[in-house]
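Below is one structure, written out as structure tokens, with a few remarks after it.
Each chain gets a letter, A, B, C and D, in the order it is written, and its residues are counted from 1.
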Amino acid sequence: MSINSFGHLFRVTTWGESHGPAIGATVDGCPPGVMVDEAMIQHWLDRRKPGQNKYTTQRREPDQVRILSGVFEGQTTGTPVQLMIENTDQRSKDYGDIKEKFRPGHADITYWQKYGIRDYRGGGRSSARETASRVAAGGLAREAIRALVPDVQIAGYMVQMGEHAIDRGQFDWAQVEQNPFWAPDAKAAKTWAAYLDGLRKSGSSVGAIVEVVARGVPAGLGAPVYGKLDTDLAAAMMSINAVKGVEIGEGMSAAMLTGEANADEIFMGQGGPRYSSNHAGGILGGISTGQDVVVRFAVKPTSSILTTRKTITKSGEETEIITKGRHDPCVGIRAVPVGEAMMACVILDHMLLHRGQVGENRGRVG
Amino acid sequence: MSINSFGHLFRVTTWGESHGPAIGATVDGCPPGVMVDEAMIQHWLDRRKPGQNKYTTQRREPDQVRILSGVFEGQTTGTPVQLMIENTDQRSKDYGDIKEKFRPGHADITYWQKYGIRDYRGGGRSSARETASRVAAGGLAREAIRALVPDVQIAGYMVQMGEHAIDRGQFDWAQVEQNPFWAPDAKAAKTWAAYLDGLRKSGSSVGAIVEVVARGVPAGLGAPVYGKLDTDLAAAMMSINAVKGVEIGEGMSAAMLTGEANADEIFMGQGGPRYSSNHAGGILGGISTGQDVVVRFAVKPTSSILTTRKTITKSGEETEIITKGRHDPCVGIRAVPVGEAMMACVILDHMLLHRGQVGENRGRVG
Amino acid sequence: MSINSFGHLFRVTTWGESHGPAIGATVDGCPPGVMVDEAMIQHWLDRRKPGQNKYTTQRREPDQVRILSGVFEGQTTGTPVQLMIENTDQRSKDYGDIKEKFRPGHADITYWQKYGIRDYRGGGRSSARETASRVAAGGLAREAIRALVPDVQIAGYMVQMGEHAIDRGQFDWAQVEQNPFWAPDAKAAKTWAAYLDGLRKSGSSVGAIVEVVARGVPAGLGAPVYGKLDTDLAAAMMSINAVKGVEIGEGMSAAMLTGEANADEIFMGQGGPRYSSNHAGGILGGISTGQDVVVRFAVKPTSSILTTRKTITKSGEETEIITKGRHDPCVGIRAVPVGEAMMACVILDHMLLHRGQVGENRGRVG
Amino acid sequence: MSINSFGHLFRVTTWGESHGPAIGATVDGCPPGVMVDEAMIQHWLDRRKPGQNKYTTQRREPDQVRILSGVFEGQTTGTPVQLMIENTDQRSKDYGDIKEKFRPGHADITYWQKYGIRDYRGGGRSSARETASRVAAGGLAREAIRALVPDVQIAGYMVQMGEHAIDRGQFDWAQVEQNPFWAPDAKAAKTWAAYLDGLRKSGSSVGAIVEVVARGVPAGLGAPVYGKLDTDLAAAMMSINAVKGVEIGEGMSAAMLTGEANADEIFMGQGGPRYSSNHAGGILGGISTGQDVVVRFAVKPTSSILTTRKTITKSGEETEIITKGRHDPCVGIRAVPVGEAMMACVILDHMLLHRGQVGENRGRVG
């Protein structure tokens, strides 16, 4: 059991610390014959890259990925793919304060309590920098999915920042790539821009909700009990730094519905069943229905803020701390490409698992 | 990779269908020397047992657990523990309707689409009956936890039914065992009773939110990235039938907070760090802080309702269905002991994982 | 990580002790739609059953298997299959001697040293009785293989008992089922019968070598490094009680060959490559070649003998022991069906793994 | 399930191809606080390094390891350790012949048949070069073992080359590091030198048998059925390139012994049980006894020889091949450090597994 790995057949192990020489992902189990090169992976990393606008950390990392193994003459060979990203912006700085004090809301204290040692430089292993490795692995997963089921589309966007939610009535896919917040609602994007400007100037931060949709996923992915598609998606999203809640379809609101309101009635459409609604988020009994797979997750506000907070030192003395440095006022923004990557990894993994146990054919309706 | 298993070192594989001869849990990796017998497991099963009051299904199963292996002279031996529960109330009935039609909101259609075959009797493998196996395994996990860290306490309760939430200001642990809803608020229990009576009579159903708390969990459980305590808890809860959302601590609401509001400041208490608040739900960076571990999950309304819904048959014809039979108007009620069981399994598993990698000693503060 | 499980996608967890109420196998990941019933599993169990002739233990167990889950209307459903065998011949006897003393060559002392508790009745978990569960699982695996690749044939036989080896020049498949030793050589069977009669009367025992062949296995099963087909076969065979060595193809003798002698030259046959010889045992680089997959394993002599041996008690006192009871003078005999079962499980597992990663198509030669 | 990984809690995933930019090992689950640096790992790599004498391949690789993560200020942090070795000696050469033809005895044909694509440069993933990653991981495992149980010693040596075995009566530990063959018998080393010179000049090759011993391993490591110490050792050794057989203790010869001859009688020594002999190879019922753990494995002769062999091309035409290039006439020599590394990884993994399930205390004798 490897604690830095996820996936069953398409298995990703991420490694590396924020301020070590490099980070990366060891990807095992990728199908052979997938056309891929560094530029295709880089495309997805660039979307997540910090320092692209004033709303994300000003740390400047080129985040250049190198493929060290598993790809030959432009195709995966079926052997492990090593995706390495060197850390270049390791500013020499004085970590003295962070070295002795635990930052509230960060993993400083728990890593210390668990291991009795921690790489305190920039959060070490618990830094959000680790998610770059996931995005690289997700880029590979997307190409593998494309080779298997060409019309799967995976896209994420932000639906809420602090108290400000999008207007679902104004949902517009075209807007998502048009603003720095991946907002599918131009008006919300404007509101968020003003709101975040204020937070950034005051050294504060805020949480957000990200939604990721996978369209075109075949019915039949997933499995009973603990190989459920929603179980793996919940784990995948909850494993992202700062995530505190995960929802499938109706999510927590399902608690407020009656059975009548929640029922997705079934009809026969062209090419298969169709549904009157998608409260289920595309998953029934842990298995995909063929509808959109819809996952949402909440990202807590960055714990690094310019307001003084009470804390203690390693030796147990009470003190105070201000977390200076280059930080995102809303880490939820950069979580969008990460959520997409995790969705891609989970969907691909379940495609392979399904093919392994059941083969290409499935039960047909009609 | 086994899709009906959960846990890493304390590993539970559940098996069995709703209307087969038996269901059970194969539990591997339990520490040796844990004092346990059938009565101690039975205690927890009885809490989940259907037919105990008018608010849960009238199916009458004694749910008598038998320990078939792994326990000798009242102690676990370290070898696999087989916990079997025979199905006794297999009413002979006509399944003709369910056999051909897919019930909306159930896994009927997706099992069919995945496997091309399904045990349609009472939901087969996707029946909530499977959760009895989890409760049995959780009973064993509780005893093993007690042997390791005697003061861990795990308790669940309902905090919302439909639109009706408890009043957190009236939270009273003593109430939880005093009403059929595991409500920590006597007034809410009364409201729910009336509300559910109405739903039951009209053949409707409603969702609910369950909260499970683990108190006394040592700091340091969990691990980076994919062995995170919250990752495993999210997977554990999402794997329960009908669950659509999982929250740790502040959960989805974390999106609405600022960094200042969300910060759990750290002080030095007797015996270790203490915190000003617990927005984090007892977990930072995937590792336990020593505070209460707090998980919440939403259970959707039972899909089996007496209102006619549109659906299709296996052969693709559009039709209608009414799901008669013995069903819970609010499955969230019986999900409380299941959530507790999953919490127990995850906590024990992480105790063993931590001891495996790190040993008995941890980093000390102060 | 479950320590009583084997296999990746076709995953078998065995449970149960020699003198507990039952033993069994929880089989997860079986493909759906495999035609199987209890009689088909029973067929393989009957081959292993003790007490069938004077050369195996006189313990009389009907070893009647029950399928408790995962099969519906004569077909697997894709959900876990529980195969249970009740222990009926639990002779009430005085275990006092074994309870305090460790039998040399048995796992008595190591179970005690590991767990600090042991089920001393008949060896408990370490009894060869556990292998009945494997044979049951193997029976299921055979049917699943048949559904995937109908012409795979798996057969085992004994090639050596003590100093007496078969004459490879006289190898005759037809003989295997004609004698109680699964000997493919009638003359060797006669020699062994006389030899074993002597051993049995003197209360002694002897080791043996078993060979298992899988014919018709498609090329391409296995994977680099740790998913190698030979790696999994070595683990599978070494995990059988009393096995001390495992060989693939040429085995240990490969050490004595030159590169020229060991080379299996390649030619083009009808339907694909053919080879001048099979020193490799059907596996190159961990991946099947399409030739016969050939595995051999050595079983040590039964440690239960009627000669007094020196040993110690739990409290550390030196003493002596004679192991009376019903035992096999050559456990290798009953290991033949067990080796076949493990081969079947490994082959099926790798069929599913291959299909999962690569799909139905493979690289073609010619 | 990751096919390029081994180990349960101490989990090693190797990656990289012979002629790609780099190879390496991603090591997850290492205990924190282990003192280690690149020089300590390098020490073990240097023992395996090619080109050190005329008996091993003249490929000159510095095999310089870099630690890219998981170590901070000279100690492991408990997070994944990335060990990378750059490939520097990637001679530009014409691979045309190997590209189209399958070398007999190599994995060329099976990789092609499995994946439909292969990195033909120097064997790609199936090259013995992969074992450098294992040696690096083994070096880390050794330091972690030392931190847990300081007096464990792991050492390997060659016991047979072709027909020439060592004289066990002349066994001398001091000799092992004194000759290029890791021979514990000075006379055998001389014989082998002359023999191998002849083989090398004629472009031939020969097999060998390697023995690896772990001394000081505590009693109680291992587990029933599939977590057996010998099961994992068998898998570990069989997964090494070119290995065709694995033996524990008496190994295949156990088949020839009677129960009396094979019995390791038990006495009480200072500090615990002691045994009259060690036919068992230090393992009973899959669990360590405290005696030396003894494993042997056979390495087949290098398939790359200068004699013309018959083979076929990708398109199925019959042809011939001579494998020129820099090759070891006896790969068994360089397998010695690899076998040691695998032993170290398995022993450490089982130390962690045991501590996870059972804790520090074990059942005591006396």
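Convention: contacts are C-beta pairs under 8 Å (C-beta built on N, C-alpha and C of every residue); 3 or more make two chains touch, one makes a residue touch a chain.
The structure presented is a predicted model; accordingly, all values stated were derived computationally and were not measured.
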item	value
Fewest hops from subunit A to subunit C - one hop per pair of touching chains	1
Which of B-D and A-D has more C-beta pairs touching across its chains	A-D
Inter-chain centre distance, subunit C versus subunit D - centres from mean C-alpha coordinates, in Å	26
Centre distance in Å when subunit A and subunit D are each reduced to the mean of their C-alpha atoms	38
Intercentroid distance (Cα basis), subunit D paired with subunit B, Å	45
Contacts with two or more other chains, residues of subunit A listed in rising order	1-5, 8-9, 14, 29, 32, 78-79, 114-118, 125, 223-224, 353, 358
Residue numbers on subunit B that touch subunit D, as the complex places them	1, 9, 29-32, 78-79, 223-224, 352-353, 355-360
Residue numbers on subunit C that touch subunit D, as the complex places them	1-6, 8-9, 14, 102, 104-107, 109-117, 125-126, 130, 160-163, 199, 204-209, 219-228, 230-235, 237-239, 241, 244-268, 273, 276, 279-281, 283-290, 296, 298-305, 307, 309-312, 314-318, 332, 353-354, 358, 361-366
Subunit B contact footprint on subunit C (complex, rising order)	1-5, 8-9, 11, 13-17, 20-24, 26, 28-29, 32-33, 66, 68-70, 72, 75, 77-82, 84, 114-119, 124-125
